[in-house]
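Down below are the structures I want you to see.
Below, chain A partners chain B and then partners chain C, in two separate complexes.
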Partner chain A sequence: MAAAEPGVGVAPPAEEPGSGPLCAVPLRLARLPLARVKALVKADPDVSLASQEAVFVLARATELFVETIAKDAYVYAQQGKRKTLQRKDLDNAIEAIDEFAFLEGTLD
Partner chain B sequence: MASSSGNDDDLTIPRAAINKMIKETLPNVRVANDARELVVNCCTEFIHLISSEANEICNKSEKKTISPEHVIQALESLGFGSYISEVKEVLQECKTVALKRRKASSRLENLGIPEEELLRQQQELFAKARQQQAELAQQEWLQMQQAAQQAQLAAASASASNQAGSSQDEDEEDDI
Partner chain C sequence: MPVTCGERSQCTVGEVGGERSGAGRAVRLAGPVVRLFPCSKMAERPEDLNLPNAVITRIIKEALPDGVNISKEARSAISRAASVFVLYATSCANNFAVKGKRKTLNAGDVLSAMEEMEFQRFISPLKETLEVYRREQKGKKEARKDKDKKTDSEEQDKSREEENDDDDDERMEEEEQNDDEEVDN
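Coming up: the complex of A and B.
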């Protein structure tokens, strides 16, 4: 399964939000597997169902998150004159940036 | 790697997808494995963070299902407002694609072939297929029968020649 999951569905979007196949999204935009994002949302028992479009918006936001944190961490690698991004660069970014405070204590 | 044991708490975004995104963001940069692993786990945390907040926002509205607007508000309130314009662009495309497909399917319905005619064609195809299946089955049955008959004949002649051989031997011995 894993990365083989495409972000493109072929069936028409269901009228019932949260059920049915996921809406077809332009392939270039869906790098994260939407089904997996949806599964992660559902894994939280307190969270209600999310519509297909909500899952899609969340997936896109997550992609932006990855881009942002990677770039922010890379600044520290450059300061250390390294060409390899290391775990400590991410730790530094997490500590320095307010929005990433929720990540403190996230283990790998 | 997908976990086949079905434990929801081990869910993450697949490593390969993360690797690809990192590569596109930082081409020509090497990334340590433990750094990649951390990014994978940060994604999971991010998704939980945003969906929890969106859930709260949804609960306060009169809606039962989390909408894209709820997610957008969650991004704003958690300090990720800078993501909103790009996220909105892509939401717009999603709606456009959905609209196009709805139009396309209604155009297909109006191709001009009345429904009764389509039904009739379908029945014809089914009948043809059934007939072909029946003929195929019959052929296979005949072949099986022939093969069985040949096997019987072969077995019969084999045992017949065996009997003839052994009686000859006995005669020779007596003569000596």
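Coming up: the complex of A and C.
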């Protein structure tokens, strides 16, 4: 099930979005379920253990990655005057952007 | 050399990445990805290595302007990309843990991996969220100590919170030690 674990996503009551220095931090800290991220981490035979914090930061980093790649791909959709993001937009972004080089050949 | 599995159309991940001019370094992800994705050696079902579609879709939609749609193929490719990202970041982070002679990946290793992977722009927002997360965990720990004397039913709720993962308790102890290390970082 894709439900977020109770407790993980709940910010301290004092914090509200838009107030304070951390207003950029979403109210729900991580939306990707940590258990699934942990399963991916554990799948690597070279990794013995990962701290809860490490899994959390990885989950959050992955969310940032998804946002980033979606936005970068969208640039190509816009160039094609489309309002629907398509697979080819993603392929273009991966080819053009160095940080996405690690994805080449993995998505087919 | 590419590893393709004819049995499942999803499972064609082989050697990842290549050398790109301008990147300054060859990006190879052969090890963990090749070991993980060949169908015959998959320790987990493919669904377990994927991230939930609904969440991925929500993150994508929130990142894009209103009214923009995403095709099923694009969404599914982004989801796969996210899994590959986790695997690659884990592998990178593990190198740092090994260098530090540690057996447990910590948050600092993941941040170092981001730097290594040229996602420096993630580092400062990640540090901020980590601080909030740590404060929240401290609050939860203290609340748990107070609640230890209460009824069993509440304890059952807590064990659900910890994903029924006994490892977490051990992890907590390691984190308390790691906290000292991380503060020095």
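By our rule, the second predicted complex is superposed on the first by the 82 of 108 C-alpha atoms of A that agree within 3 Å, B and C clash if a C-alpha of one lies under 4 Å from a C-alpha of the other, contacts with A are read in each partner's own complex, and residues count from 1 in each chain.
Following the convention adopted for this analysis, a residue touches a chain if its C-beta (ideal position, glycine included) is under 8 Å from a C-beta of that chain, and two chains touch if they have at least 3 such contacts.
This one's a predicted model, so the numbers in the text were calculated from it and none came from an experiment.
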For A:E104, decide between first (touching chain B), second (touching chain C), both and neither. second
Of the partners chain B and chain C, which touch A:L34 in the superposed model: first, second, both, neither? second
Check the residue A:T84 against both partner chains and state whether it touches chain B (first), chain C (second), both, or neither. both
Both chain B and chain C contact which residues of chain A? 2, 5, 12, 24-25, 29, 31-33, 36-37, 39-41, 43-44, 46-51, 53-54, 56-58, 60-67, 69-71, 73-74, 77, 83-87, 89-90, 98-99, 102-103, 106-108
Residues of chain A defined as touching chain C within the complex: 2, 5-8, 10-12, 15, 22, 24-25, 29-37, 39-41, 43-54, 56-58, 60-71, 73-74, 77, 83-87, 89-90, 98-99, 101-108
Which bits of chain B are touching chain A when the two form their complex? 1-2, 8-9, 11-18, 20-22, 25-26, 29-32, 34-35, 37-52, 54-55, 58-59, 64-68, 70-72, 75, 78-80, 83, 86-87, 90-91, 93-95, 97-98, 101-102, 105
Looking at the complex, which residues from chain A come into contact with chain B? 1-3, 5, 12-13, 17-18, 23-26, 29, 31-33, 36-37, 39-44, 46-51, 53-54, 56-58, 60-67, 69-71, 73-74, 77, 83-87, 89-90, 98-99, 102-103, 106-108
Interface with chain A, chain C side, in the complex: residues 2, 12-18, 20, 22-23, 27, 29, 31-33, 35-36, 43-44, 48-56, 58-60, 62-64, 67-71, 73-74, 77-78, 80-91, 93-94, 103-107, 109-111, 114, 117-119, 122, 125-126, 128-137, 139-140, 157, 160-161, 163, 165, 167-168, 171-172, 174-175, 178
